[in-house]
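I'd like to ask you about the structure that follows.
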Amino acid sequence: MEVIPDDFSLIEDRLHHYVDAGCDLIFTTGGTGLTPDDITPEATRAVIAREAPGFSEAMRIEGARHTPLGILSRGVSGVAGHTLIVNFPGSPKAIGQLFPVLVPTLAHAVRTLRGDSRHGQRD
Amino acid sequence: MEVIPDDFSLIEDRLHHYVDAGCDLIFTTGGTGLTPDDITPEATRAVIAREAPGFSEAMRIEGARHTPLGILSRGVSGVAGHTLIVNFPGSPKAIGQLFPVLVPTLAHAVRTLRGDSRHGQRD
Amino acid sequence: MEVIPDDFSLIEDRLHHYVDAGCDLIFTTGGTGLTPDDITPEATRAVIAREAPGFSEAMRIEGARHTPLGILSRGVSGVAGHTLIVNFPGSPKAIGQLFPVLVPTLAHAVRTLRGDSRHGQRD
């Protein structure tokens, strides 16, 4: 776990670092709002090669069940190399609400990212 | 309020004008369908610097509750400078159905766009 | 109906072929997952001129009602020329679950893609 400032190049650089290190999953938190310094989604988009928008869409839908402000999160999700990157909002409360949306998908996601050639039900 | 034709450069130009004028919010209506001259989302995308897809996603979900055709709206939403731009469909009935989705978020959205450094629950 | 391998240029080429042939609708199946060779969405994005994300969003929402893995589908949807292209996952079971989401929109979609100037309720 690493804490870094809202600096586009720095976020991009650290994401590349963890992708190159072979991490299966990278979760970022914060920097997904409308404040001018919220640029985590843009830095993430610069790193991913293939978007996987269903994670972010489902998290916004779940977020909106808890507060109308849930739709404000601009988080993106996608794949770089063999790594899945997902942007979470910064609020610990929101993270606790949204993480369960991902949990049932992560084992399958990691297996397919590693190139398991047996296609699953939904590929 | 201004009415302009389905002209890409003109839409782009007028959006830039209102962004530069410091508007907090720009709502467009119409030009979001599949008809060949519907290019408002593309012109909007050319202006925004940061996508805020949750507005458009939530509007399509709400629209689909009223008619299956709700998913046809190609509207986008995002931030240019300190301005939030949201594309609405052209039907007054649809606008009436969809605007309430945004209402509870707008005060918070405008505060954060202005750079209020106190991060909210979901940023 | 045509079966082709997970080859970016080949998918792109065949999509262009059917668009140029004047097809109203192109449905692809498979190649939408996280496996490294799943690149149908990227090839589709290279062909479409205007995104119509509501189809793919609604399909993921419906898919998630059947299995949490439904959010993994990276399918995109959009318009090239007068043709609507929609990516489906590869599983016949998933296709059976997701196709009904599109059915009530297709007649209207084809009419508007052909340039019928009478705007519908949601355009």
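We just call them A, B and C in the order they show up, numbering each chain from 1.
Everything below uses one rule, namely that a contact is a pair of C-beta atoms (placed from the backbone, for glycine too) under 8 Å apart; a residue touches a chain by one contact, two chains touch by 3 or more.
The structure displayed is predicted, hence computed values, not measured ones.
If I list every residue number at the interface of chain A and chain B, are over half of them used by both copies, so same, or under half, so different?
On the two sides of the chain B and chain A interface, the residue numbers are mostly different, under half being shared.
To bring chain B onto chain C by a C-alpha fit, how many degrees must it turn, rounded to the nearest 5?
With C-alpha atoms aligned, the rotation comes to 120 degrees.
Could you put a whole-Å number on the gap between the CA centroids of chain A and chain B?
Roughly 24 Å separates the two chain centres.
Got the chain B residues that touch at least 2 other chains?
57, 61
Using the touch rule from the top, collect the residues of chain C that touch chain A in their complex.
Touching chain A from chain C are residues 30, 32-36, 38-39, 41-42, 56-57, 60-61, 63-64, 67-74, 89-91, 93-94.
Can you name the residues of chain C that touch chain B in the complex?
Of all residues in chain C, those touching chain B are 50-55, 57-58, 61, 79, 82, 84, 101, 104-105, 108-109, 112-113, 115-117, 119-123.
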